[in-house]
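Here it is, the structure in full.
We call the chains A, B, C and D, going by the order they appear; numbering starts again at 1 in every chain.
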Amino acid sequence: MKTIVIGVIGADVHAVGNKIIEYTLNNAGYNVVNIGVLSSQEDFINAAIETNASLILVSSLYGHGEIDCRGMREKCVESGIADILLYVGGNIVVGKQDFGHVEEIFREMGFNRVFAPGTPIDNALGNIQQDLGE
Amino acid sequence: MKLQNKKIPEAEFLKIREEVLKSWKTGLDSQLDLDNAVKYLKTVPDYKNFAIKLNQAKANGTTLVQPRAGVPELDVHIKLLNYLEECGADFLPSTVDSYTRQNRYIEAQKGLDESVQIQRALLNGFPVVNHGVTNCKKVFESINVPIEARHGTPDARLLSEIIHASGWTSNEGGGISYNIPYAKSVPLEVSIINWQYCDRLVGYYEERGIKINREPFGPLTGTLVPASISNTIMIVEALLAAEQGVKNITVGYGMGGNLIQDVAAIKALYTQTIEYLEKFNYENMEISTVFHQWMGGFPQDESEAMALIAYSSSVAALSKATKLISKSPHESIGIPTREANGLGVKASKFIVNMLKDQSMADSPELESEINQIKAEVDCLLNAILKVGNGDIAIGIVEAFKQGLIDVPFAPSNCNAGKILPARDNDGKIRILEFGNLAFNDEIKEFHRKKIEERAKSENREISFQLTVDDVYSVSEGKLIGRPKKVRV
Amino acid sequence: MKLQNKKIPEAEFLKIREEVLKSWKTGLDSQLDLDNAVKYLKTVPDYKNFAIKLNQAKANGTTLVQPRAGVPELDVHIKLLNYLEECGADFLPSTVDSYTRQNRYIEAQKGLDESVQIQRALLNGFPVVNHGVTNCKKVFESINVPIEARHGTPDARLLSEIIHASGWTSNEGGGISYNIPYAKSVPLEVSIINWQYCDRLVGYYEERGIKINREPFGPLTGTLVPASISNTIMIVEALLAAEQGVKNITVGYGMGGNLIQDVAAIKALYTQTIEYLEKFNYENMEISTVFHQWMGGFPQDESEAMALIAYSSSVAALSKATKLISKSPHESIGIPTREANGLGVKASKFIVNMLKDQSMADSPELESEINQIKAEVDCLLNAILKVGNGDIAIGIVEAFKQGLIDVPFAPSNCNAGKILPARDNDGKIRILEFGNLAFNDEIKEFHRKKIEERAKSENREISFQLTVDDVYSVSEGKLIGRPKKVRV
Amino acid sequence: MKTIVIGVIGADVHAVGNKIIEYTLNNAGYNVVNIGVLSSQEDFINAAIETNASLILVSSLYGHGEIDCRGMREKCVESGIADILLYVGGNIVVGKQDFGHVEEIFREMGFNRVFAPGTPIDNALGNIQQDLGE
């Protein structure tokens, strides 16, 4: 059973999606480690190292995602989990922006998959299965 | 400091105040000198005073509209507010960014600076504290209607000092409603003590003849919150505020989706708030209500979002709430452009104007829902007072600890998080899992029956899946998250 | 031919038919041969049959949505309908242009040809008669939901022949509702006789096992029409249709603006239609209701228009009308683009879906308004039957002649045009000037009292100015046209 | 007292605005000759000649205004009232079109004033006063 670390980054307190993601991923047969809201990059990385996770699934709903996610890949590299899968989704930037451009920004930061606003977790299950190879 | 529901003596307040003002450099501004502030606030004309305008609306039986809005840069923020005023907003907000809400002024400054540099908002609101009194006064002086700070800040003491001294005559929040949905590990005692300070500040001004409105945040997590739970918290915060000398309070409620339940909630909220304030002998209180348009996940389609905004507005109008907080067609995507925000204001204004001479007809269904909510609130408040030995402040902390009161989906560690809400067959919000919630058996039985009816009609077990389906349903265009029909 | 409410014998019907088909060249198409038409209609699957889909909706208690839409060119029209279907329209329309409505096929042809040439619509609808069966079948075969012709044609005999033979299983209209608001000098006898023919055609198909829906046009002039007047006309047209063998009828009502009155109107309409059909021994009738979103002048602002559309939809849903006719945010300006039309459909669908498990709570106010409407309708129908010596067809003609029934703002010479409607203090539509309207004294007194209350509260005289103010009010964002406050 | 002929042109039956225009112009002190809905160009012109009117105020609400109004000025010329003022208003074309262009089309047809959709008659009272010189 593969492990996925989930949580909400930064000063973000949106908790509903996070609880639903935990429930959905559990149902889909993953071992879910939920670090909850108001989590720092370090919180995510430490949890991933401790639990030998295959994927860090970052939620950012409140708009500061761009600031909060910068340098996360670099920190993963420093911490010895350079190749861990990084997903980000929710409402990751401020306002309604061209998503192509937003995706590019987060890809350049080193995120493997970047999800458009309002993509429910169910729609990402296929990607997760594919990437975790099960 | 030990928590209790007791007015902070002025001397003590002023002593704490010294510390508060030191917490960020903008606190040292001489415009924050209380005599200066009182002088400035005395120049605020009636039509720009939140409390006075609310009182008028209540007297006329009209529902006034206020959007949410806030961008980091001063000029852009002022233009945004001017635009919304043109669209018909009766009250203006300044929604504060999330770093400021967590008192992370350094990050807020970074976000503000970079936003100015790249000409694109990186913060999700207007960082009031970083802007300080001078800028906040500029905001106030650029508009022609009352203005309120809207945030979600467990420790909003400096923020409150700055906004009131700048002529902003309303402050949203409260020790519970700005902690439970907005924080993870701030102890409830702490946020309540902090908000007693904010209320005491308003009381200070009130004693000097300056009317300031306070608005506890009714919707909480915005997600399937049973009316009796949010109403109970509203009443507790009203009592806490009244003790500190606040006189003008707007208690709030976030739309649930069932018309009768929503109207019942506002009506029960209004009567019970007054009842409890009277019971505890707070006199000359001015109570109004605020109805929040649908606070859960919005539909992506903009015409659907507009429809939901309009529907929410009709419920508000029929409930005769004094104020309506509007949303925008961009809600599900991100902070709205000012145009999108304006569309929401215009649609909302249209409906409340159109329905201003109508209200919800009295009916047995409405009456029984009002009575239901009242009975539940009485039950919860009794429990709170009991564990607080009559002190509402101590009681609420203890009640949360024991899960006697519990808010669904809240991120806070102080919240038990054991109850599960779901809709009944009419779409009314009920509870399927009570945890330790202080409902009596009769009430629990009522909820159980209602949820059973629904589960039976859908031919499925009662489980968390009901709740999950109901979390998604409105954004998918239904009120009740019925199981999807499997096509054969 | 002498008018009476009597089923046209088949032989006579077929004889008239020969003449009808000769009135324009597309009438000579062999696809109009009745055996061919019956054969074609038998291939229509249930989900594309208007009557069957309505019956299902009624059984499920859902409200289905239908837009108005029609452009001259075939291909553009089909694309428009496909688009609206994608937006969620449950039923599709083809709104017919105004030349065709007046049987001016030569002008319709000119408009159609020129529209094709300059690639811009010069006609305000789809000219069904000029297009003929082949094109109308193309329309029908390009879509996946039932389709109806919507027009306003006093003599729609050829039009009806063409659409039904093309698989269109619903036809809007009636001898009164498609004359009084839609013509100036067509005698009522003539339009009723013409529509007896249209109904007889449906009866003919019905006898051969083909279900076809008929929909009298409820809103009439769309402008301050008292519910009892339009309901009375709906019932008369239902009786006339039933006599010719029509079985599936959707009676209609155009939103007035007061929630309780609107819900009451739909409820009274449904019950009384069934009551009167039973009274006259028409058996196995299938009755449903249609609610029209606000039919008077719309606001220009598109977000306000969207709000009005959404509000109208919530009233429809709460009234449990079977069908809802939607408008678009372009309403006040002109025929909508397909995108604008789609926005209206999506907003409407969202609301009826969201509210599908709710209905208006029973209340004393609702009940008394239902009773009021019913009493007025009984009064009017009694008068009609009396002057017709028991024949409803003769009676309605005579009643219009004498002004016993009277439609405000109607262009027709057959209409007395003496009554003046205005809103009362709740925004309910009442009557301030009765002309010869066949209300008894008690009812008149009730209306007078209601109007007086309003005039008094506005401190002005009862006059036509009230009516004028109420004509403009909704487009200006108010329900009641209160006198504008003079600023000093 | 100057005379104004009002009516709704073509196959158009929109009667409400027409009744309100009659009421409003009467109140404003004009002699109003209302030929009602479903009126042809000839109906307007005959009424204007008979009553020695100063202005023909054409309403078109239903969208066919462009077809219905063509040649009206020419007919006025033929009938000996070449200089009569012609106004047109309502919803004079099909759909939401650029009004500048629409105005041009109707001006070229010889209309002296062309009103945008939804301009209530009250807003035209100033123009009427000005043009009729009172």
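Definition applied: a residue touches a chain if its C-beta (ideal position, glycine included) is under 8 Å from a C-beta of that chain, and two chains touch if they have at least 3 such contacts.
Values in this document were obtained by computation on a predicted structure and should not be read as measured data.
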Approximate Å spacing (C-alpha centroids) for the pair subunit A, subunit D: 65
Rounded Å distance, subunit A centre to subunit B centre (Cα mean): 29
Separation of mean Cα positions, subunit D and subunit B [Å, integer]: 54
Sites on subunit D at which at least two other chains make contact: none
Two or more partner chains touched - positions in subunit C: none
Arrangement of touching chains [line / ring / star / complete / other]: line
Touch relationships between chains, expressed as pairs: A-B, B-C, C-D
Contacting residues of subunit C [partner subunit B, same complex]: 257-260, 299, 301, 303-304, 306-311, 313-314, 318, 342-344, 346-351, 353-358, 361-366, 425-427, 474, 477-480
Complex contact set, residues of subunit D against subunit C: 10-13, 15-16, 19-20, 23, 36-38, 62-64, 66-67, 91, 93-97, 117-118, 120
Contact footprint of subunit D on subunit C as seen in their complex: 97-99, 101-102, 104, 107, 110-111, 114, 120-124, 152, 181-185, 221, 223, 296-297, 300, 330, 332-337, 340, 409-411, 464, 468, 471-472, 475
